[in-house]
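Same chain, two partners: subunit A is paired with subunit B first, then with subunit C.
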Partner chain A sequence: MNRILGIELRRSAAPGSALVLLVVGVLLLFFAEGIAFATGWMQLAMTQRLYLALLWPLALAAGAWQARREHRSNVTELFASTPRPRAQRTVPTLGAMAVAVVCAYLAMGVAGGLWIIGTAEYLPASVFVVTAVGALALIAAAWLGLAIGRLLPRLVTAPALAVAGLALLLLIPGATRPRGWLALVFSPIYEMNMPGAYSTVPGRASVAQAAWLAALAGGAVLLFASSGWRVRVAALLPVVAGAALAVAVMPHQSRFVTDAIDPVARELVCAADEPPVCVSRVHSGLLSEVIPPAREGLAILAKLPGAPTRVHEDTTTYVPEGYPPWHEDVVLLEIEAGPNGHLLDADTAVTDVVAGAFASPPGCEKSAGLAERLAAAYWLIGREPVAGEANDPEDIAKAVELWRSLRQLPDDEAKARVAALRRAAVTCSVGEELTSSGTR
Partner chain B sequence: MRWLTLYLRSRRAPMALVATGGCAALMWSLWSAFSDSRDVGVQMVVLTVLLLVAALTATLGGPDDALEGTAGIAWPPRRIAHLLVAFLVVVVLLLVTLATGARFGPAWLVVRDAGGLLGLTALSATTIGTARAWFLPLGWTLAATLFPRSEPVIGRILTWQAQPPESTAATVTAGLLALGGLTAYAMTGPARRAPAEAAQQ
Partner chain C sequence: MRTVSAAETVPTTYPWAVHAEGLRVRAGRHVAVDGLDLALGTGVHGLLGPNGAGKTTLIRALATVLKPAGGRLTLLGESVDGRADLRRVRRGLGYLPQQFGFYPRFTVREFVEYMAWLKEMPKAAVPGAVQRAIDRVGLAAKAGSRMKTLSGGMLRRAGIAQAIVNDPAVLLLDEPTVGLDPEQRLDFRELLRDLGVDSCVLVSTHLVEDVVAACTDVVIINEGRLVHQGTPDDLVAQGGEGDAGDSPAERGYSALLRRHRAGAPR
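The block that comes next holds the complex of A and B.
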C-alpha cells in the first residue's frame, strides 16, 4: 500500500495540486490585501484561513481533475474487471491528495512564518488548532472533488465545481443571516478577516467546524469508494450527522469569533529594568523596539511635577469594550506591528509617549483635545508640531498656533500651563489651561 | 453540411452547448430567485462568463488531434470560425438576459471577459492541451474576482477580468489575450496528445 501511495504521490495530480495551491497561497498572503498577518502567529493562522476562499475551490477542482484520470485514460472498464475491492484502489489516491493539500497549506504557513519569525513570540496552542481546521477544510474539498469528479467525469466538472465552491463560500454569510453562527459552522473562512492583535478563535468554534468538515470528508470518501447506489445514499448519513453535531456544538451567538479576545495575548509583559515599560504578550517581540522611545519620552516628561513614570501598551478593545486599568503614573501607548512585523510609527513613538501623558481616563467627557495634547507635548520636546499620517490638518494647525503662543511665554509660565493641563487631564476637568494663566 | 455535422459531433458540440445553456440558465435562475436587484453583481457576471467558457472548452479538441492534422483541409479558417462561434454563444446567451429580470451586464464587460477568457483558453489549449486548458483561466479569474486591484496599472492588468468596463488596461489585456489565443489556435490547433489520452476529453 505504501509503495502505491508513493507512486500516487509522484504520478497523480497531487504534486501539481500542491504546487499550485502553495504558489497561489503565498501570492495571496503577501500581495492580495497587503500583509495583514504581521502581528503574530494567530493572525497568520487566521489570514491563511481567510485565503481558503480561493484555495478551497481550487482544491475541489484539483480533486475533480484527479478523479477523471481513469476516464481520461480509458481504463474504467479494465479496472472494473479486476477482482479487487475498489477501496484498495481509492485509498492511495485519497491519501495522496490529502498529503498534497496539507503540505501545500503548511508550506504556505511556513512562508508566512518566515516573514514574522523574528518579531512574533506569542504562540498559543489555538494557532495549531486553527491551522489544523484549515488543513482539514482543504482535505474535505479535495475528497469532495474526487467524489463528484468520479460521478461526473466530464471536462467541465472541475472548473464548474470550483466556481460553485467559490460561490458557495461567498453566499453562505448572506444565506444564513441573521444566524451568523450557521455561517461559522459551514464556512471555514467566515469571520477570519482582519484579525486584531488580541484575536483568537474559541475552541468550541474550531471543534464545531472540525466536526462538520470531518463529516463532509467522510461522506466524500464513501461516495468516492462506493460501487453502488446504496453506499452513495449512505454517504449522506455522516454528512447529516456531522452537520447536526456541529450545529449543536457551535454556540448560537453571532460575531462569536469576531468578538473573541485572547486574555493571555492581552496580558502585559514588562521589561526587567527601570523605568518599567510593558507591552501586551502578543507584542512582546516588539518590547526591545518600544523601550528606547518610551524611556526617552519618560525622560522628557520628567520635567513636569507628578510626571508619569511607566509606559504600558494601550490594550483597549472596542468590541467588546474593554479598557486597561487606569493609573495616573502610567502613559498608555498604542502599539501596532507594521507590515514588516516591526513597530509601526517608530519615528513618532517618542511624541506619542509624551502626548499620552495628557490623556484622560476612559469615559471622560472633559478630556484634552488632540491639538492641546500635541502642543503641550511638542513644547516639552522643544520642536514645532508636525502632522502625523492620520492627523487632521486642522488639528495640526491649531496645535502649531497653541505651541507658538506657549513659546512666546516665559518658560516658567509655559511649564506651569502644561503642568496644569496634565493635572486637569488626569482628573478629567480640562478647560482653558493652555491659553489662560488662571488655573495655576 | 455533412462535414459540419461530423465536425460538431467529433467535438461533442451538442453536449457542450447543452452544458453552456444549462449553466447560463442555472446562474440566471439563481440570481432571479435570490436577489431583488435586476442587475447581476459583477462577481457573478464574471464567474458566469468563466463557467460558460469552461463549458465550451471541451470542443477545442477532437478525439484524435494528430489524425485531424493530417487531413487535407484548410484548418486555420475553420478554427477561427470555431472560436468566433464559441465567443458568440457566450456573448449572445448573456446579452439576451439584458432584456429579462436578471441582467448579466454591462454588455462591454461580458464581451471583454468572454473574448479574453476564450483567448486565454485557446492559448492554453495550444500549449498544454485541451484537457488542461481550463487551469489558467479558472485560477486567474477566481483570484481576480476575489481580490480585484484598481491601483497601480499592473494591478488593473493582473485583475483585468474584474475591472469596470471603462478600464483601458483591462480592455487591452483582454484584447491581447483574445488575439493571441485566436492566432495561436488558428495556426497550430490544440496541442497533440497521445490518442489514448486525447480520446476521452
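The block that comes next holds the complex of A and C.
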C-alpha cells in the first residue's frame, strides 16, 4: 500500500494540487492584505483559515480533476477484472490527495512561520487545533471533489466546482443571518478575518467545525468509493449526522469567535530588571524592543512629581470591551507588531511612553486631548512635536502651538503646568492646565 | 527463494480452467454470445471469428467484466453467476482488453506494479513479479518510461506485462498483436507458447497465422456460437483449394465459416 501511495503521490494530480495550493496560499498570505499575521502564531493560523476562501474551492477542483483520471484513461474495464474491491482501490487516491492538500497547507504555515519565528514566542495549543481544522477542511474539499468528479466526469466539473465552492463560502454568512453561529458551523473561514492580538478560536467552535468537516469528508469517501446507488444515498447519513452534531456542539451565539479573547495571551510578562516593563504574553517576543524606549520614557517622566515608574502594555480590548487594571504609577503603552513582526512605530515609542503618562482612566470624560498630551510629552522630551502617521494634522498643529506656548514660559512654570496636566489626567479632571497658571 | 504467485493460490483441482455450457452474454441489448459450449484447459487457445462474432463479448465475460445472461460459466472451478464472489477467481485471471486503458503519467514499472496491487498479489512477491513480467515482454529498457511516451507496440507489450504479472491461471488477451511489428509478433508467439505451458491462455485475433504458429488449440465462433474447436492441424485439414485464403490455415478457417453459415438457421 505504501508503494502504491508513493506512486499516486508522484503520478496523480496530488503534487500539482499541492503546488498550486501552496503558491496561491503563500501569495495570499503575504500579498492579499499586507501581512496580517505578524503578531503571532494564532494570527497566522486564523489568517490561513481565512484564505481557505480560495484554497477550499481550489482543493475541491483538484479533487474533481483527479477523479476524471479513471474515466479519461479508460481503465474502468481493466480494473473491473481485478479482485481488489473498489473501496480499497480508492484508498491510495484519497490518501495522496489528503497528503497533498495537508502538506500544502502546512507548508503555507511554515512560510508564514518563518516570517515571524524570530518575534512570535507565544504558541498556544489552540493554534494547532485551528490549523488542524483548516487542514481537515481541505481534506474534506479534496475528497468531496473526488466524489463529485467521479459522478460527473466532465471537463467542466472541476472549474464549475471551484466557482460553486467559492460562491458557497461567500454566501453562507448572508444565508444564515441572523444566526451567525450557523455560518461558523459550516464555513471554516467565518470570523477568521482581522484577528486581534489576543484573538483565539474557542475549543467548542473547533470541535463543532471538526465534526462537520469530518462528516463531510466521510460522506465524500462513501460517495467516491461507492459502486451502487444505495451506498450513494447512505453517504448522506454521516453528513446529516455530522451537521446535527456540529449544530448541537456550537454555542448558539453570534460573534462567538470574534468576541473570544485568549486570557493567557493577554497576561503580562515583565522584564526581570528594574524599572518594570511588561508586555502581554502574545507580544513577549517584542519585550526586548520595548524595554529601551520604555525606560528612556520613564527617565524623561522622572522630572515630574509623582511620575510613573512602570510601563505596561495597554491590553484594552474594545470587542469585547475590557480594560487593564488602572494604576497611577503605570504608563499604558499600545504595542503592535509591524508587518515584519517587530515593534510597529518603534521610532515614536519614547514619545508614546511619555505621552501615555497623561492618559486618563477608562471611562473618564475629562481626559486630556491628544494635542495636550503631545505638547506636554514633547516639552518634557525637549523638542517640537512632529506629525506621526496616525495623528490628525489638526492635533499636531494644536500640539505645536501649545508646545511653543510652554517653551515661552519659564521652565518652572512650564513644568508646573505639565505636572498639573498629569495630575488632572490621572484624576480625570482635565481643564486648561497647559494654558492657564490658575489651576495649579 | 521461490516466490509464490497469485495463480498458485487458486485451487487446481478443476477439470477445465474455463467451462461454458449454453452460455449467453449480452453486449448492451444484443445477445452477442448465444448458447456457447466451450471447455478450455492448459495451453494456448486461439479465438477466431469474423467481426461481430462475439469474441470480445466472450472474453469480457470470461474476464468477469460482463455477467452471463444465461447458461453456465465456470472459471477455475468456480461458478460465475450474479451472486458469485469473484474475488478469488479474479486473483487467477490476467486480462488485456481490446481497448487497453492505462494511466499515462505512470511509468511502465509503476503501472505493472499498480496492477499487481489491484490483483492482490502477495506484497513480497510483487517486485520480482513486476520485473519478470516486464522482462518477458521485452520492455526492460523502457521500464522507467512513462506510459504516454510508449509507441503503440510498446503499449501493447506493457498491456501484456500487466496481464501476466500475477502468473494467471487464465490469461485472456483480446487482439494482443495489434500494433506489433513482425519481429515483435514472432517474439510474442514465443511468449505465448511459454505462457501456455502452465496456464490457460485465450487469444482473440484476426490473424490466423498467429494462431497456427503459437496455439495448441483453435476456437472459432460465429454469431455467438461455437463453430469449431480443435488443433491447428485440424483447422488446416478443413480447407480445400477452392476456399478463400492465402494459407492452408486461412482456407480452413474460411471453409469452416462457410459451412457454418450454410447450416445456420435463417
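Heads up, the rule we're going with is that the second predicted complex is superposed on the first by the 440 of 440 C-alpha atoms of A that agree within 3 Å, B and C clash if a C-alpha of one lies under 4 Å from a C-alpha of the other, contacts with A are read in each partner's own complex, and residues count from 1 in each chain.
We adopt the following convention: contacts are C-beta pairs under 8 Å (C-beta built on N, C-alpha and C of every residue); 3 or more make two chains touch, one makes a residue touch a chain.
Just so you know, these numbers come straight off a predicted model, no measurement behind them.
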item	value
Combined model on subunit A: subunit C and subunit B, fit or clash	fit
Contacts of A:61 with subunit B and subunit C, given as first, second, both or neither	first
Contacts of A:20 with subunit B and subunit C, given as first, second, both or neither	first
Contacts of A:342 with subunit B and subunit C, given as first, second, both or neither	neither
Which superposed partner A:73 touches (first subunit B, second subunit C, both, neither)	both
Partner chain in contact with A:179 - subunit B first, subunit C second, else both or neither	neither
Where the C-alpha centre of subunit A sits as vertex, the angle toward subunit B and subunit C in the overlay (nearest 10 degrees)	50
Partner chain(s) touched by A:3 [first = subunit B, second = subunit C, both, neither]	second
Partner chain in contact with A:82 - subunit B first, subunit C second, else both or neither	second
Touching partner for A:166 - first (subunit B), second (subunit C), both, neither	first
Between subunit B and subunit C, more extensive residue contact with subunit A	B
Superposition-derived minimum Cα distance between subunit C and subunit B (Å)	6
Shared subunit A contacts, counted only where both subunit B and subunit C touch the same residue	73-74
Sites on subunit B touched by subunit A in the complex	16, 19, 23, 34, 43-44, 47, 50-51, 54-55, 57-58, 130-131, 134-135, 137-139, 142-143, 145-147, 196-197, 199-201
In the complex, subunit A residues that touch subunit B	20, 24, 27-28, 32-33, 53-54, 57-58, 61, 71-74, 154-156, 158-160, 162-163, 166-167, 170-171, 175
Residue ranges of subunit A touching subunit C (in the complex, touch as defined)	1, 3-4, 7, 10-12, 69, 73-85, 89
Complex contact set, residues of subunit C against subunit A	60, 63-65, 86-91, 93, 95, 97, 99-106, 110, 113-115, 117-120, 126, 162
